[in-house]
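Scroll down for the structure; my scribbles are underneath it.
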Amino acid sequence: MWNKSDKISTCDYTMAEAIVFGAPFDGTTSFKPGARFAPGAIRADFDGLETYSPYLNADLSRVNVFDKGDLEFPFGNAREVLNIIEKATTEILDDNKLPIMLGGEHLITLGAIRAIAKKHSGLNVIHFDAHTDLRDEYLGERLSHATVMRRVWEIIGDNKLHQFGIRSGEKDEFEFAALHTNFYPKLDDSFDITPIKSLKGIIKGEPVYVSIDLDILDPSVFCGTGTQEPGGILFNQLLNAIHALRGLNIVGVDITELAPNYDQSGASTAVACKVLRESILTVLPGGDFNNE
Amino acid sequence: MWNKSDKISTCDYTMAEAIVFGAPFDGTTSFKPGARFAPGAIRADFDGLETYSPYLNADLSRVNVFDKGDLEFPFGNAREVLNIIEKATTEILDDNKLPIMLGGEHLITLGAIRAIAKKHSGLNVIHFDAHTDLRDEYLGERLSHATVMRRVWEIIGDNKLHQFGIRSGEKDEFEFAALHTNFYPKLDDSFDITPIKSLKGIIKGEPVYVSIDLDILDPSVFCGTGTQEPGGILFNQLLNAIHALRGLNIVGVDITELAPNYDQSGASTAVACKVLRESILTVLPGGDFNNE
Amino acid sequence: MWNKSDKISTCDYTMAEAIVFGAPFDGTTSFKPGARFAPGAIRADFDGLETYSPYLNADLSRVNVFDKGDLEFPFGNAREVLNIIEKATTEILDDNKLPIMLGGEHLITLGAIRAIAKKHSGLNVIHFDAHTDLRDEYLGERLSHATVMRRVWEIIGDNKLHQFGIRSGEKDEFEFAALHTNFYPKLDDSFDITPIKSLKGIIKGEPVYVSIDLDILDPSVFCGTGTQEPGGILFNQLLNAIHALRGLNIVGVDITELAPNYDQSGASTAVACKVLRESILTVLPGGDFNNE
Amino acid sequence: MWNKSDKISTCDYTMAEAIVFGAPFDGTTSFKPGARFAPGAIRADFDGLETYSPYLNADLSRVNVFDKGDLEFPFGNAREVLNIIEKATTEILDDNKLPIMLGGEHLITLGAIRAIAKKHSGLNVIHFDAHTDLRDEYLGERLSHATVMRRVWEIIGDNKLHQFGIRSGEKDEFEFAALHTNFYPKLDDSFDITPIKSLKGIIKGEPVYVSIDLDILDPSVFCGTGTQEPGGILFNQLLNAIHALRGLNIVGVDITELAPNYDQSGASTAVACKVLRESILTVLPGGDFNNE
Amino acid sequence: MWNKSDKISTCDYTMAEAIVFGAPFDGTTSFKPGARFAPGAIRADFDGLETYSPYLNADLSRVNVFDKGDLEFPFGNAREVLNIIEKATTEILDDNKLPIMLGGEHLITLGAIRAIAKKHSGLNVIHFDAHTDLRDEYLGERLSHATVMRRVWEIIGDNKLHQFGIRSGEKDEFEFAALHTNFYPKLDDSFDITPIKSLKGIIKGEPVYVSIDLDILDPSVFCGTGTQEPGGILFNQLLNAIHALRGLNIVGVDITELAPNYDQSGASTAVACKVLRESILTVLPGGDFNNE
Amino acid sequence: MWNKSDKISTCDYTMAEAIVFGAPFDGTTSFKPGARFAPGAIRADFDGLETYSPYLNADLSRVNVFDKGDLEFPFGNAREVLNIIEKATTEILDDNKLPIMLGGEHLITLGAIRAIAKKHSGLNVIHFDAHTDLRDEYLGERLSHATVMRRVWEIIGDNKLHQFGIRSGEKDEFEFAALHTNFYPKLDDSFDITPIKSLKGIIKGEPVYVSIDLDILDPSVFCGTGTQEPGGILFNQLLNAIHALRGLNIVGVDITELAPNYDQSGASTAVACKVLRESILTVLPGGDFNNE
């Protein structure tokens, strides 16, 4: 008679293999803030989606996920926000569970990677994004959604950061990427999974963190975000890329930069929900009927 | 570190004096549907509001309320929806708790009153609304948001239904009201609490159900509703009316007809949240600092 | 089984006492265009409203009104638009029917008054508006929503233009009004029907055209308009003013400046629909049950 | 001087080969209601579109279509709604005209097919959709937008239901489809007209009903719908599919699931209007200049 | 032939008596961010308003104002933002001009007052707001829109902070106000200028800073703000209050908390523009025709 | 400390090679007006975009552009508007600078071409659009967004007008195009730069005006426009086409038909900003790092 109020969880914390949690921070957003509302919007609409994925022949009801809710942050203090995320992620890792973080803006990735890199040496980061996020500082700040991958690089080092979908940045950032990251500049519509397949051969077995900035998608597909960058990939291209990650040793995932209020239709939230479902079913292969 | 995900509850079910629950039904809405999204919207924004009421010098943290979540309904079957609401309300009453139902459309009131009238003989209903809701049938249907108070009258009888704020209906409904209900036709801005005060003298001690159709408010104050009727009362007029109910033997409350998607600004949801806070603090006087 | 597609008409053209028609022009709008969509929006939502007016104890079903549809205009040619309106109004007058024109922007009033002033000498114009509309020219143009009442004054002469609700204009316009129009400067909330009552004593029996620019209302009540001017009157104040016109010899009405797309909630369209219903029932007293 | 108020009709009822009518029902919509407003929105914007199709070198002005308006439904009673649709469709068929129904939600298809299957034995249904719609019941209801094609299958039998574009459903539905329907699972971007061409060879001459649930389109193209499912086809892919139906013995068409209020830009309504124009010109080849 | 691009300025910097500037910061907003877009929105729409005020019989064209543009801030660093505002304000004061700051969120007031209090000993602050803003810290932060007036009080001391319109806060804040500020609790509709008149008698000649948090207005009037608090004052009540300040020794003004994206109609921006015009004409009496 | 208020300019007028200016006119828009707000919207959001183009390896900071602001137009007088545009364009040409005009609706192109064709004999016009714009008159008017390219053809003659992307028009217009313009009818998704490359071989060295009606894009990419025509090209297809123009003798550019209010997400404005950046860097190759 009563609806399940927690629509993402399929089990309790103890049983869970993966922990979903929200990091509703958008304090360094330079253009249009509002990514703080993403975790709430995803939860509200998540049951508008089937639990079954015909793409993977897998079902959420067959995997163990728990939604721990949102972190509480002080407003206007990015440093403290990152500390809180790092601490929360560490707790989840200490319980031998996989963290799946829902942003918020992209800076939050740094908090999670700080925790994960301590646990997993030789960490790779697969980074889907429209923007390089490789500035050293942005308007005088070193902690920003525009610098986050530079800070991540400082932790994981050269050739461990694998960047896909980038179509915007400063000249310096593109030059930095050429020297220090594994960069797949795709400025046209030809984005496909070939380079991901090659990469899989190389990093197979190594720990991998997957950071999905949803603005990799074209604004036609995903307009509900703070820095819309026309010329992005279509939904099925991102879906194929996520599915191509199956089999990697994924130790953490985040999905960031939904700012739901900018898309009055709700389609951007539907996109984020489906990316979350397919990501869970990609990293937890137990949901797969083909495995039987 | 973690946000409270259940923002309305102040205690668990066992301790609670009042139970808030959602009845997300809008299946008989004749004009603009969407009241089904009201409970979710109220929960999402409820902590945008202080817990303290300077009007009543009372605080939510001092009362015991539990939010039981939303009822699950079959779509397109009003009869079954009412059965589910009646059953849920009965359970709450059986546990000696006060039901506070969040609509949904106004028809849901009938489900709750069916349960409550069985428990409390001589039930009065105080009805705040723009519309009479007194038709015998509407487009051939006897169960509808436009007939709900006629059905309620069939249960509670003459002179037990006290209607405030009405400014729309068919001629027949106004004539029916003149004969059978306690009707305060106020078609101008002069809505005040004088008739409520008089009424309190008469029904003091008798059981009272309070049904607040938020479209009693002028659309300038509350545009997020399915049947906007210009010429309504202002927010403070409704607030004063609710506060004036203090001291009555209130045995149930509902707050209906928020359709949040029609108000992109969110102001209508803010109105509903504040009406909910003030309603809780009105019916549970334990929150009052003046009582110390 | 089939819905009536023409929701405003209560009879056919021949039987009708009053003819409603649309003048979907907004070509001289200086700020936010879109009043061209008003007649369509009013028709779409008109049956969201009851036919019965509890204010007047009257019902649309008892009066004879026909909706002739919208005039077709060339875009970008204000002069020709006014000719078309004048011609259409003349036809309606020649059939001894009362024209009720739905704007469109306020310039359209000039077309109707040109026709009506030829038919009715000594014409009075009662003008509800936030703006004086008394400029001699606006950005070099003599035909504009900002000059329309100056052009009307050139036709009807001194002391025949009665202006209510004005709270915006240039200093020159206020000075012109002081010399040439019957001007009720009300810059506070005290707008009431006293001056209308006095005026009724003076112009009783003379022909009167009523022009309602809905931006006389405060933007809180009516935000769906091209030039929002905060500080206006509330809905019931306008309603009382319209009702106060009963008994005058009204020979034409217009309702202008709804730009429905700016009010996503639809409340402004609801306001326009209710103003239309009450205007029809004011000018056609046959709908009144009290007359029986 | 006057605009044609009925923008879809090109002739009167008697002359018409095809009858367009609205079925503004959304009572079983499980997620976001509002498809009831689709027929009104399509009519309001239909003349924003040219009458000429450069794709088909055909023009609406050369075919005979009549718009009969909207059916009137009781709210909250799906069973009665289907009866009304069946009756209306039967009348149109009895007059030897082709019904083109504008939804409303997808359940309405069942009403039309009940009428058509009585008239045309061996009926095929071509079904464009994101969702299988093959559940046996949904939340306890057998009549629902999520069960409609299961009910249709009960009428027309195995291998008569041809489903295109499906990318969402429960595992059971996909398994049911594998056994009982002609199912083209296309979960990537490669949707093209090859399978439609093959099908045409098989069912040539047999009666065919075409049901277009517009949510087959990707939400980027068509966000104004109640259950957005990312990963759909693009506009030209749907257009090509519709054009590929030319030459079939089409005995009925519906276009469903536009919920215009969720797309503030109006683009989804423009899509629906163009799909309607191209559908009319596909089923009524008399409009084709190439035929001369 | 060319539009004036700087719509607020009436002269250059050197000639100006008052300097308008934007402080587009919303980094501590706890609920809905977006006040950063206010200065841009006000500039875009400012010429939708007449330059003439019929309320004051004054005209912007007769006063000397210069719009210096927006300050540039680092994102996510409230401390540095306040330093930048303090520095900018000091420069304006050093040039013997009156600063008129456009927020942004309310925290920015602290930056301006730090500068002004150094220049003007015995500073009074007149504070229009829905919220007390008197917390000592908020979620661990001492610099926040919810603590700003506590920080201001630390600078100016007891009985120098005059608070109007407050209807929300924690119990502690109301108690703090009772002890330390000049507090006018008005929780009903009776807000008028009597207390302002009394206050004027007391502080006549002393330096006064005026801080207008626009959320003092009811959300019906002003929904475009981050923390909507139903039950506020109407537009004319605020206008009268501002006009009542004429004659005081005003040494600085700010207008904060417009978040224009939440009000799709633009009416909230129109309100802010009119408050700005009337504020300028109140503090710079040279615009007044009555003075001639 | 202060933001640059003029975000498009990179130098002053004297130094500039190209002059950006706004022509905020939408007076002949037949469907949804609002293109007048495009220049303001583009300026407000232009710095949401990087100055660096990874597509061209070029940067705005290396080219000399000046934004001259908006032209001021009389409302409702298309003839005079065109005169003003022609005069402004002539002035820019007389200063040996390249005009880059931001619409406004498409009619404005005529004003610019009148000026440019006088200066450059043998002018070619490359026309990106969804619509032919080749009518001889539209609703009785010869000056209209629907006739503009017919008027342009009257100036430049046969085979000088090169039209791309067209998917809508009357049969007569397509026939006119077949006889008089260089027309690339592409009604499917295969739009690519092959025909542009061929054209470049033919017109190399001749003066070329480039007119970009942004509604060439599919409404999924660009819904913020007055006449949405589903079935258009994707963003990267337009980008490639613009880049393919490099090396031509381009003597003027316009970008028209953004109507920003119809796209609440702002994505359409982001598209227009990026088209502007890439257009500037295409016509002013000095920004290219590869040239070093």
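Here the chain labels run A, B, C, D, E and F in written order, and each chain numbers its own residues starting at 1.
By definition in this document, a contact is a pair of C-beta atoms (placed from the backbone, for glycine too) under 8 Å apart; a residue touches a chain by one contact, two chains touch by 3 or more.
All figures in this text were calculated on a predicted structure; none of them were measured in a lab.
Interface repeat of A-D: among A-E, E-F or C-E, over half of the contact pairs recur, by residue number, only in C-E. A comparison of the C-F and C-D interfaces places the larger number of contacting C-beta pairs at C-F. If you average the Cα atoms of subunit A and of subunit B, the two centres end up 41 Å apart. Look at where the CA atoms of subunit B average out and do the same for subunit E: the two points lie 38 Å apart. With centres taken as mean Cα positions, subunit E sits 55 Å from subunit D.
Contact with two or more other chains is made by residues 32, 72, 218, 220, 263-264 of subunit D. Taken pair by pair, the chains that touch are A-B, A-D, A-E, A-F, B-C, B-D, B-E, C-D, C-E, C-F, D-F, E-F.
The part of subunit B that touches subunit E in the complex is made up of residues 48-52, 54-55, 57, 59, 218, 220-221, 234-236, 239-240, 263-267, 270-271, 274, 289. For subunit C in complex with subunit D, the touching residues are 1-3, 5-6, 40, 44, 68-72, 84, 87-88, 264. By the touch rule above, subunit E contacts subunit A in their complex via residues 26-30, 32-34, 36, 72-78, 80, 138-141, 143-144, 261. The part of subunit C that touches subunit E in the complex is made up of residues 31-32, 166-171, 174, 185, 187-189, 218-220, 223-224, 227-231, 262-264.
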